[in-house]
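In what comes next, subunit A is part of two complexes: it sits with subunit B in the first one and with subunit C in the second one.
And then the complex of A and B:
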């Protein structure tokens, strides 16, 4: 049995069309301005993938804690998990462009003849030669496939368990989910860290930070929580979750947003601080690039906009329980989340030996907007398609009763 | 459901009629449906009964052991810091290892009382009191090492080897040193932990006061109960204060071990300078803290017959936290190795290869076996249900976490940048006895706690029993339509 289709709710096909338009513009960009457009595409693709992986983490954390308050919103996270196979599809153009166009479009180490500014080529770079065991092109793509397979496996398992339970009301599904959550947290933590190292950190392959995987995790959690707040607010306003999702649930969700705001700041600060304080060139250069030109402003904006403002905002109890305030904050966090990814990814693009400046290439904004729109379109298409196929809440979940009476 | 948005709030969403939860009952925090009175009798009984013989035996042994520390420290003050095994190139030896070990132990208390309070984990109520006491005593043991490592201990506080007062030569401690931040972090943490512990104790002290049979006891407990009458106003102020302190303690738990990790990570020594140190140290601290909680609570559970208050559910929760944090620590060990290899820095690679296969390989593999491998047994229910095994594994955790700090501190220093200065560090007999003695000091304080302070938060345990729920009497049948709307 499926949720009834409501005229006031979005049509999935519309989102697919929006996504398609975004993707087509991105692909055009790859012909017009291959390197900038590919970097923007990478940002858009990681942005949407991080939302779905964050959802996967949330579902697993829900099961491992035997939590109750989040049961009411868990179904929406599960709907987002439907997008994971499509995220894998969105990854394919990155593979194609390095093969069809130039190997060094994104990850310069993939092209041994890539000129390092004033230091010969990648193939003669002693640092690269020491890293070939990890930075091999074939191994890189195999790792990406392994990551996606692992994520899709867990996403499908949690979805299947949850949806089947609606039908047969068997406790076995809950037990299965708990077991998968325990193993899944380890597997996804490792694969997501690996994805962070590969997709973002290896863009600047000289640089390394043990914290990077943890940062990538914090980043995905913030994105997923913000999206959940938006979805909850939308579904309450439009009716389907009205009278089901109450302000106590909103408060808990907002508190989690707050907690991960602090966690993200803690992780980002620790990474920056230890590198700044150590002050050795093999690490600091990564941050030095991010102080050139516009990137200095972006760095400052991240400190104030991605930490201080959300922190002070969500510190206030009344704001955490009001939909308009939290909708604003969730949009803000998502926007800043995108900035954080841009900050981590785009300065690795070098134009004539200098860090790329987005403002110098106005078209860059178009490619960025198009790729983000493309990713979001696909994400929401998958979400709404799944939404109409299943119940709005897991009606047979063991904790749903407690959750609906949640009135702490 | 369609068009529900146009309806008034009172309209009940149709899906609620379909809700029919599967029955997976939650485990109770108090077994055998014990009454409020039983809980009071049980916990107050511990401090009201005649001091048992085993207590005296333990107390005497603990005092004797604690004397090692004081003899060791006295000898150090009289003779000089040279009595410790510190020598080039290992200038940080057991003292900082012991300091970090004890500070880490202390983390479980605040985690249980503050973070689990914010997360509304009801099972915390049976163990929070003892864990908080443990925190404070652990901080006391930890504090000894930085205070005494200055040698002329009377200078530690004023004028300023540790605290930022200019000393006799007008020299200030370096504000950019993480060791100075440690002083702030640990002293703040200690202060807030004591406050938090004490606030939680007030209602229970009042209970003990009201039950007191002798005048002296009545007065003594009356003073510490601060005139608590259990009125509605008292409770609402208490709850608010408790929540605020929980909120304040949470960043403190993280900050203390973060700064302890900075002691190492802000330097450039290979094996120390790595960005994952802060969260990795915090996870390790919680891991070791829970190890110690289990080490202490399981014997007490058996001695005092507290099986209904520290149930299998509590043990399950604690062992799972140990499993989770142990695995996180394992992730950090793995990341350090991976990034050392990936970073392609010869010194970093050497530091890690040396850790695993060099002159201190024995310590490294003790650490890995105790911290990463031994908690993996907690995946199995049968092991979690075997209290003896759980206790033994908790000992491994304690041992492993001491060795972790030893491995980090000593292996990196003993093989520094200059091969001609390489050395092998061994502790002196003074080192060993001073450290062993801290277990005695910790035990003395903990035994005194057992005799004079209610071991468990009675008021809080009562609040998580089924009979504390106003709806307790009528059964809550699923799908009966009692779900609360907005």
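And then the complex of A and C:
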């Protein structure tokens, strides 16, 4: 039942090797410069996890709406879901470094004796004492495990349903997926927000924003859609999806990319605007750090590069239906998505009481590149391994006929 | 017969009219149209229609709306009658943004509707098709195609035989 291994398509093992090299370099980095390398590792790990979670959302949205146009590309999203357990494995080093090295490597509140710049330690900080019930170390790791278990459970269910349907063609699998999508959307939305609060927001535990989870969701959707456009374009160019995935499908996918561009801007702007308008120091300091030094330039780059340029680009119908244009846009969005994560994560790193710049040491670029490459390598390894095991499209899906004739 | 508006042909199924439209398109006629009771997918391509020009009106409207919002707030708050609220700057694109954004949408919508009216030459109070007794069938279960006598290629005899070659159910003249 498996697709023939085509010599023109990538070899999964090659990607695993690339990933391994990246991970090894970033682990070396943890010995050379533990804090910077750990932050870079966190960025790389969240970058790849956000792509897989975005894929999970896309599969669930497909099922809950009983959509038909996306049936042809859903299988590729399901292939990416194979990477979720490995994302959990990638999370383990973060746990290890806080245990084996120093508890305050990443999340400073984990160490009650961590010196706050100018006012005592975390353990005597009233703002921490009010939050101890949530920001307790054991509870933090339990939450991470619960999140990953929930995601892996849903990912496996959708994959199993879809692949079993290829075998027996039963509509039961579609019904099962639809029910799981209804529950899964709520569970994954909550756990993914929680992951955003825990992994990114609690880096600076004084700060809080209820919109942060939505920003995290918007970002992961943009990343997943960009990757899906790239994969579709690649498979069309190489042959497997040629004549199956047409420009109408591409147009729909691009339109979703466009929609989430606007959504991302809406959420990011609202978060900034409310804090700017409220003008309360306990909220504004977070953005103040992000205006220091080069971060001001980065934030301007995000506004124009992550919103305005993609917005004006994808506003145009002809560009949304052309592969070269959308491949360029998808690469651009992925690059900017990484920048957005850096902007949200890295300024939380304080070096001698000062906001870390991008980067204090030139080696920082190496740790970041290695971590991202490591994550991407593992992601694509899992993807291609899954790709060769299953059919290129869900051939017995009740909606596949409609989808292949998609013409408007 | 100079006072003739055109020639009208009746078809029974959407497939028939699609094929007929493709032939008329390939024959190079310019002033012709089809009248169907409901939208038929793929008819745009069969008629050789280009993409609509409405989006161009929309982008102009949207840009105007955005600039209007920004300059309106600048004019009222920071220029004409300066108001200092809560220590905020007199003008900032941040608080002007929600209003500009909504005016963008409002003006885009207006421009789209106006553009659609202009491009469709609306309001059109009279059209020759309304004069035929077949107007009831046009909005019920039959499909029509007509070629206007204003078309540069139009020739009373040749065009009529061309239309009959499309195998319509019925061919008739349209009065002006």
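Simple rule for what comes next: the second predicted complex is superposed on the first by the 407 of 408 C-alpha atoms of A that agree within 3 Å, B and C clash if a C-alpha of one lies under 4 Å from a C-alpha of the other, contacts with A are read in each partner's own complex, and residues count from 1 in each chain.
Please note the rule applied: contacts are C-beta pairs under 8 Å (C-beta built on N, C-alpha and C of every residue); 3 or more make two chains touch, one makes a residue touch a chain.
Being a predicted model, the structure only gives us computed values, none of them experimental.
Chemist: Once the shared chain is lined up, is A:277 touching subunit B (first), subunit C (second), both, or neither of them?
Modeler: both
Chemist: Quick check for you: in the superposed arrangement, does A:317 touch first (subunit B), second (subunit C), both or neither?
Modeler: So A:317 only meets subunit C here.
Chemist: Identify the partner contact of A:152: answer first if only subunit B is touched, second if only subunit C is, both if each is, neither if none is.
Modeler: A:152: touches no partner chain.
Chemist: What's your read, subunit B or subunit C touching more residues of subunit A?
Modeler: Ranking subunit B and subunit C by residues of subunit A touched puts B first.
Chemist: Answer with first, second, both or neither: which of subunit B and subunit C does A:197 touch in the superposed model?
Modeler: In the superposition, A:197 touches subunit B alone.
Chemist: A:131 contacts which: subunit B (first), subunit C (second), both, neither?
Modeler: first
Chemist: Going by the contact rule set out at the top, does A:239 touch subunit B (first), subunit C (second), both, or neither?
Modeler: So A:239 only meets subunit B here.
Chemist: Share the list of subunit A residues that count as touching for subunit B in one structure and for subunit C in the other.
Modeler: The overlap between the subunit B and subunit C interfaces on subunit A comprises residues 273, 277, 407-408.
Chemist: Given the complex with subunit A, which residues does subunit B contribute to the contact?
Modeler: On the subunit B side, the touching residues are 1-7, 9, 11-13, 15-16, 18-24, 26, 120, 251, 254, 258, 262, 265-268, 273-279, 327, 331-332, 335-336, 338-339, 341-345, 379, 476, 478, 482-486.
Chemist: Within their complex, state which residues of subunit A touch subunit B.
Modeler: Counting only subunit A, the residues touching subunit B are 3-4, 6-8, 66, 127, 130-131, 133-134, 165, 169-171, 174, 182, 186, 189-190, 193, 197, 208-214, 237-240, 242-244, 246-247, 262, 266-267, 270-271, 273-275, 277-278, 280, 282, 391-393, 395-402, 404-408.
Chemist: In their complex, what parts of subunit A are in touch with subunit C?
Modeler: For this pair, the touching residues of subunit A are 269, 272-273, 276-277, 279, 315, 317, 407-408.
Chemist: Spell out the part of subunit C that touches subunit A in their complex, as residue ranges.
Modeler: It comes out as residues 41-42, 51, 55, 59, 86-88, 94-95, 97-98.
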